[in-house]
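Before anything else, here's the structure in question.
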Amino acid sequence: MLTIKDLKASINGKEILKGINLQVNPGEVHAIMGPNGSGKSTLASVLTGRDYAEVTHGKVSFLGEDLLDMVPEDRARKGIFLSFQYPVEIPGVSMVNFLKTAINEHRKFKGLPALSASEFLKLMREKKEIVEISSNLTNRAVNEGFSGGEKKKNEIFQMALLEPKLSILDETDSGLDIDALRICANGVNKLKTAENATIVITHYQRLLDYIVPDFVHVLMNGQIVKSGTKELAYELEEKGYDWIKKEVFGTEDAQ
Amino acid sequence: MNETNDNILNEVTQGDYKYGFVTDIDTETIPKGLNEDVVRLISAKKNEPEFMLEWRLKAFRHWQTLTMPTWAHLTIPEISYQDIIYYAAPKQQAKYASLDEVDPELLETFDKLGIPLNERNHLAGVAVDAVMDSISVKTTFRETLAEKGIIFCSMSEAIREHPDLVKKYLGSVVPSTDNFFAALNSAVFSDGSFCYVPKGIRCPMELSTYFRINAANTGQFERTLLIADEGAYVSYLEGCTAPQRDENQLHAAVVELVAMENAEIKYSTVQNWYPGNKEGKGGIYNFVTKRGICKGANSKISWTQVETGSAITWKYPSCILRGDNSSAEFYSVAVTNNHQQADTGTKMIHIGKNTRSRIVSKGISAGLSNNSYRGLVKVTRGAENARNFSQCDSLLLGSKCGSHTFPYLEVDNKTAKVEHEATTSKIGEDQIFYCNQRGISTEDAVGLIVNGYAREVLNQLPMEFAVEAQKLLAISLEGSVG
Amino acid sequence: MDNTNIYTALYQENKELLQSLSPDFLVKLREDAMQHFIQKGFPGKKDESYKYTYLEPYFNNGYNKYLSPKNIQFDVNEIFHCDVPKLDTHVILLVNGFYFDAANPLKTLPGDVIVGSFAQAVKEYPELVAKYLGKYTSGDSFVALNTAFSRDGIFLYVPKGKVVEKPIQVINVLISDEELMVQHRNLVILEPNSQARVVVCDHTLSPNKFLTNAVTEVYLGENATFDHFKVQNEHNDSVQVSHTYFYQDKASSLRTSTITLHGGLVRNNLNIKLDGEGAECHAFGLFVTDQAQHVDNSVFVDHAKPNCTSNQLFKGILDDQSNGAFAGRILVDRDSQKTAAYQRNSNILLSDEAKMDSKPQLEIYADDVKCSHGATVGQLDEDALFYLRARGISEREAKLMLMYAFAYEIIDEIKIEPLHVRMADLIERRLRGDLTRCNNCAVNCG
């Protein structure tokens, strides 16, 4: 589904990603773990087309097409969804208008007619239950005045509505209490099928108790330095990142 | 605020100006009045080269075509320019070679002001140029600085000894025709400080000029020029005081800063000219033009000012951000009390690409004073990605003062982001009460609160002066809350 | 440049006509205004109040100036394009600054409310008009010019305690086969405890050049409530200078919004004097400009008494080579303790050649006050834009959504529901560029 080949990217001339290779197939859950500053969020930005990171080398194909050539909205319409680490507040844009526009853009892309108001409301009702999001949130402006937990729930709610093929969850666990974490994770699990895939980007292992990965990759200093199964996550939780630094770089100072 | 508090505050305000003494010293003055002959005389007294005289005369002729600007929010009594003495100097040798030759009265004066001219006694790491009335008395640490190639001397010396540098830069940032007061200054300026920091040199100590008006009926017109060549750094501080007199005295200075590529200039001012008495009699009229240019890429200029003195202040330290990626800052605390009037602020002119400016202005008005912030942020068409943030707060102490904010935002480039915020409020009664309840007197509480309010600006001052400025703030406001 | 002479000559030529049509108080007002104008002349290029809009060149000889209505043939149905669905209003029509319905110059609405022609009111109620007219206007040269020459306009009088249920809709139509200068004068008097709502629409119906110099005076008596809404939609060859004075007595309440959809050069002077304790005002403004349009909003709020509240929010969206300006001055007088005054000006530049100048000003002489102002000039939020695109919304659509959201803060303040819906729709279409036929006609937007 997604193939990343020797991907390099820099921000303001500083190389952040230094040759990433990754293959994600339908039905798989990949976790990307790593210390702060290792390039995790930059990878999410590059995959979704945020322009502050500049791709200097490498290829990314998604469903057989060159992903890096596409504008952000086309990537989204083709099925890439990013759950933002910091969902953006957009005063004045109502959730309803925002969601309706997004869904109908997706439908138009697939050659489907726009949803009527009642169809849309029905869909909203259905999907709301997945993340236990309350109606008063959907009556407000996009993310405006939402608590940290509400923002993240809102991300998963949007994921449910847009039915992506590949979901990238960027630090979805950050700032969440245990209940909200459980609700978000359950939402993600309910949405899981044999056709879609998920990349979970996280610093800690705790989210992986709920969303169980098939593969765990350790990103460090802009490269995937170690890959394994979910046991690797436990090992990281227990021993921290330093032992990998030693193993890979021969020193604890990776930078 | 209730009456009891009023009284307490009034009592506290009786704080007196500490620097109001007069030094009894032989002074050489020229007759009052201004004409071409006076300009020639000043130039002659300073043994200036011909080009300087020409420059002065040109400025003078232009000045005669100008009228005093009236746009500021100030009530300026008529100033009779023919009643001012344009040159006054303590009688002395051209410049003292050693301290032993300095008139003990002079030494004592500067000692009293906390500016010892004896290098051994001086604050460690600060070189001082002491200017009394029209001339520079003594510049300390010159030799130490010269070892690094740094030129730090009086403007008169610079004109004689470094004419090429002066020719190249004098008037390059503030042209002699810039405005009424700049033109006047260009015609009659008597002294001031000059500093040149060569390529790649970090000036190892704080440089400082101390300005003192002593003689009666004189105007002070000093001129300061600072050049930081490529990659150089200099931090500079000026202080000023004047005797307590019933008549008003005019001070019209010009400061020019030039920062070349990768250079940084930090310019701090603690302005404490005599503000006049509580009835508004006397005090200095302070009309100053200060401007810096970030000429080279990645250069930086930072203005910090603590303005507590003067009867009238008209002053807008500005910055032209010409070099790409250059940045400028303006931090200001302006306190007005009794009958003082201040109209001060800054101009940030964004020309280069990716330029940044930041303005933090804290106005504090008390008594019957009026305190205005006036600022311009201009983003010219070619200034891609310019950023400005301005925060201008005003604090009112008492119901008879005025506090005003006049920002101008002129944006001609869509990639610019310019933000201005301002608030005006009175000092928090609940804050004062909270302090009272913890056993702190109202006057101390006001001092604490005002200092907290001004902290962001005071933090920008070099350490040695931050403490001084903090005390000054408290003194300026003594007895003002009501 | 000196165009002052054009108007002194015009005044001399028409002095007899103007005097014959005016009661004594108005003759004197005109005379004083003219003297004031001659003395002051037009604001110069460096005049601080007109720093960003230099108007004198437009007040030239190129426009015909009529001091009596000229017979104009046009299809009254045209104005029904201004109809707002579901908004039931009393409609009043001004054509080229003169009251249109000559047969019914003054109407009485339920509650002895009088509405109609200003010229007629001067004839029928000279004492009432004399009591208010020009009492609180400023020394602005353009206002003086209007006082000297204006003949007609709208008059509205709401007696004590009366409530005008239906909004009054004033439609200003400019239509002519020649280039025309128009100076009308509107007077609104709200006696204590009364309420009224007025909706004003400005339109150009012919492609000629128009120059408008209009003055509106509104007096809000104690505890009176006034909702004022103005939409400007003139073509690109029009110049409009509009002055509105609100005088507010104790505990009165004002809401005023000015939305500029189109216009060649627009200068709005809004003056609000809070002259009674407990008065409050809310002033809103929004403009969307493109091509070479120029819109300048200048607001002056005078807190003359304690315990008053003022709130200003002005926004602009600028495209192409258009220019915008905002000047907002808040003055808090010496004894106006417990004042709360807020002001915000936000602008978005969409093109490389657009330019915005903003000068928010606070002038404060009382200490127990809460005042703040803020101004920003910037672009659409990049993070928000990306967030929308990451959800599959196209860049163009995402930008429109954000622009609309930016504008909506003003639309949201329109409390007359059908008008709110109508304006929301108009603004959206304006932002989409569907409302650009204004070079010839802007009215046909219904």
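By letter and in written order, the chains are A, B and C; residue numbering begins at 1 in each of them.
The criterion applied here is as follows: contacts are C-beta pairs under 8 Å (C-beta built on N, C-alpha and C of every residue); 3 or more make two chains touch, one makes a residue touch a chain.
This one's a predicted model, so the numbers in the text were calculated from it and none came from an experiment.
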item	value
For chain B, the least number of touch steps when starting out from chain A	2
Longest centre-to-centre distance from chain A, chain (CA-based)	B
Between chain A and chain B, centroid-to-centroid distance (C-alpha), Å	55
Between chain B and chain C, centroid-to-centroid distance (C-alpha), Å	44
Computed distance of Cα centres, chain C from chain A, in Å	50
Complex interface listing, chain C residues touching chain A	381, 383-384, 386-395, 397-398, 401-402, 404-406, 408-409
Of all residues in chain A, those that touch chain C in their complex	48-50, 71-73, 75-77, 81-82, 84, 87-93, 97-98, 101-102, 105-106, 109, 141-142, 158, 162
Complex interface listing, chain C residues touching chain B	48, 334, 337, 347, 349-352, 354-379
Chain C-touching residues of chain B, taken from the complex the two chains share	71, 73, 379, 381, 394, 396-426
